[in-house]
Each structure stands twice: as C-alpha cells, then as structure tokens.
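If you scroll down you'll find the structure; I have some questions about it.
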Amino acid sequence: MSKKSFRQAINEAMRLEMRRDPRVIIMGEDVAGGQGGTSGVVDAWGGVLGVTKGLYTEFGPERVLDTPITEASYIGAAAGAAATGLRPVAELMFVDFVGSCLDQIMNQTAKFRYMFGGKARTPLVIRAMFGAGFNAAAQHSQALYPLFTHIPGLKVVIPSSPYEAKGLLIEAIRDDDPVIFLEHKVMYDDEEEVPDEAYTIPFGEANLTREGDDVTIVAFGRMVKLANEAADKLERQGISCTVIDPRTTSPLDRDTILDCVADTGRLVIVDESSPRCNMAADISALVAEEAFDALKAPIRRVIPPHTPVPFASVLEALYLPDAAKIEAAVKAVMNHKVTEAA
Amino acid sequence: MQIARETLLRSYRAMRTIRDFEERLHVEFATGEIPGFVHLYCGEEASGVGVCANLTDNDTISSTHRGHGHCIAKGVEVSGMMAEIYGKSTGVCRGKGGSMHIADFSRGMLGANGIVGGGPPLMCGAALSHKTLKDGGIAVAFYGDGASNEGTTLESLNLATVWKLPVVFVVEDNGYGEATGSSFAVAGTQKDRAAGFGMPYLECDGSDFFAVYQTAGEAIAHARAGNGPIMLHVHLQRWYGHFEGDAMTYRAAGEVAEAKRDHDCLDLFRKKVTEAGLLEHAELDAIDEAVRDEIESSVVAAKAAPLPEPADLLADVYVRY
Amino acid sequence: MNASITPITMPKFGLAMTEGKLAGWMVRPGATVKAGDDLADIETSKITNAYESPAAGVLRRQVAQEGEMLAVGALIGVLADADTSDADIDAFIAQFNAEFSAGAAESADDTPPEPSVIDVKGRALRVLDIGHGDGDPIVLIHGFGGDIGNWLFNHAALASNRRVIAFDLPGHGGSGKDVGPGSLEFFSSVVVDLLDTLGIERAHLVAHSLGGGVALTTVKNAPSRVASLALLAPAGLGPDINMAFIDGFISADRQKTLIPVLSYLVHDKGLIGRKMADDVLRYKRLDGAVDALRQVAAANFADGHQTDNLRPVLESVPPTLVIWGKDDEILPSSHAAELPDAITVEILPDTGHMPQMEQSEEVNSKIRTFLAR
C-alpha cells in the first residue's frame, strides 16, 4: 500500500496483468515511442501522457507494440487478436479519435458474440483518455461514454480515482468481453492509497462515496470528486447527500440508483458528456419510469450545453459542471415546493 | 505441379458444393422463404477453394458480405450454414447472424462481414496472435476490389508491413463494387498499391483452380515462413448480381453468358484433371451426385428446423453482464 | 475556567479517525446523565458508535447539530451542574472554540501511525506496533476474515502504558496471502515467528474468534511465550460455527450480498453499513484473498463444525479472561459454559460476535483491569 497517482495505478494494473498472463499485450500510438527515431531511444514516451512508461522496457517489442497513426487498422487488429487468443489492451489515446475506428468497435468487436451465436469471445480493452479541463478544445476534450454505452456488446468503465482505476482495469483485462476504459485526462496526477497487489472491482456495482438523507447525486469519473466537494459544503449547511459513482455505465447498477432515490426522494445527476442522449438523460428516464412516486422534486441534471467543447479557459469553465453548479442544483431540488393539484 | 489426389477430390467437392449451394439459394430466395438478403459467390469458387486448400483449421480467414464460398472452402458445415440463412435455431450462429455473419471459429473462419473493408484489420490481429503465440498459423483476408479502396484495407497493408505479420491479402477482383465498375472506382492498380507498401504481389486467373492453388500456395508459404505480408490478386467474374434481385443492368449483354461459357471453374477443372488422367469422369459425377443430395437435405432440414426461442433475443450479447 | 463544566468533544475512535459526524443526540438538553451513559451516536467512515458520557452532570448544551461533521476534539456539547449559569457556559464555549481552532492548526500534521509490512521468517505480515511501557507487550490476534482494523476501538486504548502489536494473519488484510494448511497450528507458528522477529520473549495475547483458537494453540505449543490470555468469543471451545456466515463471507463479492452476512457479526444491525462492507471487499478483492479464506475454512470448519477442540488446553493456562457477547450469532456464548474455575468469564448482554467493537469501552476496561491484577 502506498500513495499512487491515477497514472501509476493504471500503469501498475497493466504491468501486473502482463506479468500474470503472457497473452496480455499492449498496443497503440507511441505506447513505447521512439522506434524509427534517429536517437535510437525506445520507450521515449510511454504513451502521450506517460501512462505506459516502462512497460516496453520490461516486456519488450513483442508485447508492447507501437502502431502507426492508423486507428482503424490497429483497433481492428486488437479485436482480431482478442478473438484469436490474445488479450490486448489497445490505447486509443484521445477518445475523440474513435471517429477514425468506430466501425471496428461498433460493427465488429461489439457484435461478434451476438451475431456469431455466442461462439466468439473478444477479451479486448480499449483505453482512451477523455474529458475537458485542459484547453484541449473540441477534438480532444469530449466525454464520449454515452456513445459506447449505447452499443450493446460493449462494457464501459469510468474510474473516478486511482484505487478505482487499478481494480477496474485489472477486472477489464480479465473480462472476456470488450471493455472501453475511459480515463479522465485531468486526473492523471490525482493521488491516493492504492494496494501494491492485484485486485479487481466488479463491473455493475456502484460505489457510494458517501451516504446522506436528503439528495442523491449520481456522478461519473472526475465528476465524482466534484460532487463530493459540493456535498462536503452542503453538509456544513445541513444538507446531506448520497453520492453514487456507478463506476460502469454498461452495465449500469440501476438497483443502487433506484434504492438511493427511494431513500432521499431527490436526484441530481452530474454528467460531463454532451447533454442529448447522455447518461443523465438515461438515468432520468430510468428514475422517471421506476421511481416516480419516490420523487419529491423534479430531477436536476448538471450538464454542459449542447455545444462542442470550447477552447478559451473562460468558456471551458462555463461549459463544464463544477462543484458550485452541483451545489446550486442540490439546493434547487431541496427548495422545490410541491404544488398540490386543486 | 504435383497435387495430391485427395486434395483434388476435396477441392472439386468444395467448389461443387459452393456452386450448388448458391444456385439453390438463387432459386429458394426467389420464393420469398429466405429472410434478409444474400450475395452469391457463383463463378468465384476456385478462388476461395484454391486459397483455402493451402490452409489448415489452425489458419484464420476473414470473409466479406459474399461469404458462403469462403465458409464452405474453410470447412464450415453446409447444413448449419443453410439453417443459418433460413434464420433457424439450428443455424451455425443460432439464427442470430444470417448470411452475412456466418462464422465458425473452430474452423478458423472469423466471419463473413457486412461491412466492406471490415476484415483486413481483423486479420492483422489474427496474424498477430499467430505470430505472438507462435502456433505456426497465418491469416488470410479476403476482400473485393471495392474494399481495396477502403481506408481500413490500406491501413492494414501498412500495419501488416510495419509489424511484419503473417497475413495474405487476397483481392478478389470481380470488376464491380456493387453496381460500379472497378475501372471507374479503383485508381491505379492493385500491383502498384502493394508496391507502395513494399509488399510482394502475385496475381492469377480465378477461374483456374490450379493457378489459384499454386499462386496462393506461394503467397501462403511466404507468409508462413515469417517473411511478412503479401498480396494475392485474383481476377474473377461474378455470375449473379451484387445481391439477389439485382438485375445487373450496368453489365453489357452477354458478359455473364460468356463468363459462364468460357470461364466456369468447374468445367475447366473437370477438363484438366480428366485429360491429364488425374481423375475419372465417374468420380466427379459421383461427387456431383453426393453434393446434390447434401444440398437437398440441408434445405429440407433447414425448412423443418425450429425457429429461435424468444429467450434467444437476450442471449449472448456478453459472456457475462 | 469553571471546574464544574465538562466539555463533550468529538471522540477519536481508533487511530486513523480525524473527524466524525454527530449522527444523533441520545440525550436532550437539560437531562441529567451518569458517567458512562450514552450521550450521542458518532458516525465515522468505518462505523457508528455510541459516545459515552465522560462524567456525571446535566447536558446543558448541544453545541453540534445532528448531521454535523466535526474534527476530532471539537466541542459537541457541554456538561455541567444544574446551577452553573448560562453566561458561564457561553463563556466556556467561546473560550474553548477560540483555543480549539488554534490547537487544531498546530496539530494538523500530527499524522496517525501507519501499519507497515515486515518480513517474518520469509512471510510478509502487516503490523501496527504502538505504545511503550514496562510490562509484557500485548499481541492482538484477529479472527477469520478480519484484520488489524478489528481493533480500531481498542488498540490505542490498550496502548496507553504498554506496547501493543496488532497484525494481519497470513491470508488476511495486508499480509501475504499464503496460508499454508490454514490450520490453527499453522497460524500459531506464525505468532511465535512474529514474537521472535520482534524480539518479544513473552506477550499477553488478546485474541478474537478464530484468533482465540490461535492463541490457545500457542499456549499449547509454546506456553513460555504467553503471559496471559484475553479471549473474545474464541474458537476451539465448542463444536458450533455459523456456516452461513463463513460461506457467505467467502462468496459475497458485492456490498449487497455482503451486508447481510456481516450483520451476523453484531447485535445492533444498524452498525453495518456499506462503508464497512466496502472495507471488507477491498481486502477480499486482492488476488489470493478468497482462496486463502477457503483454505482456512476448509482447515477449521470442514464439516460444518469446528475442527479443533481446545478445551483440554484450558486445564493449564496462564491467567485467562474470556469475554463473550450473549447474542453471538457466529460462535454461541454457550461455548463459555463449564470452563475451569480459574478462568474469568464475562458475558456481555446485547452484544454480538464483535464485543471489542460493540462494547469497546467495556471490553477495554475489562482487559486493562485483568492485566493490572
């Protein structure tokens, strides 16, 4: 047990699983970096943000494969390798690049098992970083998890802390289905205590980071931290919140969300993804359908506007959910007055 | 070239099976009893069979939307294929895939594919598995002249070369991508494309089983020996439309008739082996007879087979969810 | 400052607690209380615990509101005589708060002691070693599926004048996951190895549940190393064992399935929350943890009964105290019947299998008295 960053936790998950299972391989753009350069240095980058650093040195070129910048072919190759005996972890760098390889994910990987009558196993993990907050603008900042969640056959994981990231990534690598593993790029230097050993966190079980009586907040990834910040502040003002980190959007732990809404009667959903057809909309529909009678106030969604992610800091800050917006939403549902029908 | 007698008999039977399978589908589809749509491989049999005669179950192939021939050539069971095309629970994919998604992993058949250009990246991955697991296998990506323009295909030619993968890219060039001729849609040549990636290139006449068998054998030996990827360009004629029901108004009168008259791979095969004294007419006739029976019984069985159960709707989306 | 005024402050349960939530007052303002009466429920991230009044008096003020989160040491209420004036109490509160915030800033970097993983004859054991004093040290031995966290409310209290060592048994907590045969003999040999490694000639063993069986086996095999025994709901004194708990504990991999299993452990089911389940799951998720538990269960409860009968050991033991929760649903308190006369037996009412957590103050005080005898 020691303090590890989000980046280290993810690196350690891959390292431990590569040691444990020779079928686990890593591939992606510059996951080592430097091959073909004039300095002769390999493992120059270890991924564009250094997440795979050192894996090439330990496992060599047969298991840590740099790819050309051709997402369709190497994501497809990862799927083909997964279907034929390897357990690849492919890095898509920025999830925004899925536009270049969506067919291989959506039409190939996700559908093998179903359309082949249950005969395929595709133990593939696609890691990608997502999210806004780095002035990376419209093509490098999206939170595209609803896109993957929409596709049957994929599992979608959004870790909210270093501990969560390590356990969920090891679970993903050992899972026999294709898993999209999305890392918020602003979180790589976040630190917390993380066991040195391998451990797994099951998919489809939400984590309650706190329990309260008044309002249920559902948040994803980095938003979990912001929701807890808001809840800390609200606690001092006498409003107690439950904060749910679903951990995975597919499968989604519907029961925990519904149980908590039944307890608190109020729901705020914090979702960094574009607002139309996002997780906030999905969960709102779930609660409206299954827990309508428990609601004491309308559901509130803390979501960005229906725009691309802007570049300038002032606009990006406006765009993103933050603790203050969450706090305001919680107060709004607390202050809702039920008007009795005449 | 010496070809084992068993290989000749097996290959003839595979080509005959494909031909009868597709001709029967042509008839049965018109009755309306087959759901969805089908793309027939008639006229192209020698390509799939000539390539796959050089492979074992340990080798992996990907196919196209026109996949029945590759399945049969790779040894997928005909009765299961027929039931699949009829959407029955006894189908090789339990009625959940249909004509365009027939796969049998136990035969190294990673699926027909409804997406043009879907297969080549997957075969880079299968080749990577063979290479990494050192199981001696290779991968073959079958794709058409249409798919040869897809970015996925061109990326795969690059990736396979960069990673030096044991993969054979087989361009089955029947001159048409759907209703558009390759003289319009394909810039340059397949040969120059291979050269552009520094990849060796071979080509052959796809109506001549012996030419395909021998050329594919060279290509596969190249890949199997660890020399990296290679392209095999097979020149073919498609006898039916892009899909069943396509009237082929874009093709000149007589084009198909001439292909059937002069370039029927089954006729050419029979002529060659009997003239060379390798096989007797009677042996081939017996195969024709057996295949007729097999196809007939596969259709009868498929029609009688049970439909999928409602519970099958939700099954097999995931290994575990 | 008025000597008759007693500040009620946020207590520190265990070593790592830095803040707690006042879950609820159990006494109204103006009510008279005795020392030891429950004043309030304090909720930590681990568990909810009753806070007992440190003195007799009248609860004059509830300074903290229910649901409020406060740092350890912060003022939550004021106890005083009925005749102390309101003005004096207001002055007391003002002065306390002024001094407390200053004090809090000073002690901000006063970090709690951290357990460390040490090598014990080739085995990695997680150990938390605190306290100093002249007497023989105490070694705390937890039970099946437990870890050093089981001693959260006891470790520091017992270490006020004595060295007290808690450790995770092999297969448990942060220790290595190899449990060998998983038997009491095996765990007992590890205890002796630990004493050797730490240079301890003789120790008082305070042991819970399966750990009690380990302690008794240690007395059997190495009597000179054991100064005394304090056994909490120990294994080895009867055949019965709740296999629904054992099997459920092993198989549950989610909070939802684990919480009902953990509820067997306590009399007050409200003590078991998701957070406690999550702590158990964090351990169970480690590679090898569940296999280790299976091995321990197979070695000790193979046919649904306890494998070892250690009653014969009791015929010649060092001074021994046995504490049992009357409502123990794991190992029945009837196992405390008919023990040799020399052994002190305490049966605690309204208490389940975890007396050291459910009745921590009482258990701590009984152990201290026992050791001071």
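For reference, chains read A, B and C in written order, and residue numbers begin at 1 within each chain.
To be clear about the criterion, a residue touches a chain if its C-beta (ideal position, glycine included) is under 8 Å from a C-beta of that chain, and two chains touch if they have at least 3 such contacts.
Chain-to-protein mapping (UniProt): A = Alpha-ketoacid dehydrogenase subunit beta.
All of these numbers come straight from a predicted model, not from anything done at the bench.
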| item | value |
| --- | --- |
| Chain contact topology (line, ring, star, complete or other) | line |
| Pair of chains with maximal C-beta contact number | A-B |
| Centre-most chain [mean C-alpha coordinates] | A |
| Distance from the mean Cα position of subunit C to that of subunit A, given in whole angstrom | 37 |
| Subunit B and subunit C, separation of their C-alpha mean positions in angstrom | 70 |
| Separation of subunit A from subunit B, taking each centre as the mean of its C-alpha atoms, in whole Å | 40 |
| For subunit C, residues contacting two or more additional chains | none |
| Per-residue overlap in subunit B, given as positions that touch at least 2 other chains | none |
| Residue ranges of subunit B touching subunit A (in the complex, touch as defined) | 60, 62, 91-97, 101, 103-105, 110-111, 113-115, 118, 120-130, 132-133, 139, 151-152, 155-156, 158-159, 162-163, 315-321 |
| Residue ranges of subunit A in contact with subunit C within the complex | 1, 167, 195, 197-202, 205, 207-208, 211, 213, 232, 235-236, 238, 240, 255 |
| Touching residues on subunit C, where the partner in the complex is subunit A | 65, 67-69, 117, 174, 253-256, 273-275, 278, 282, 285-288 |
| Subunit B-touching residues of subunit A, taken from the complex the two chains share | 23, 25, 62-63, 65, 67-68, 70, 72-86, 88, 103-104, 107-108, 111-121, 152-153, 155, 175-177, 204, 251 |
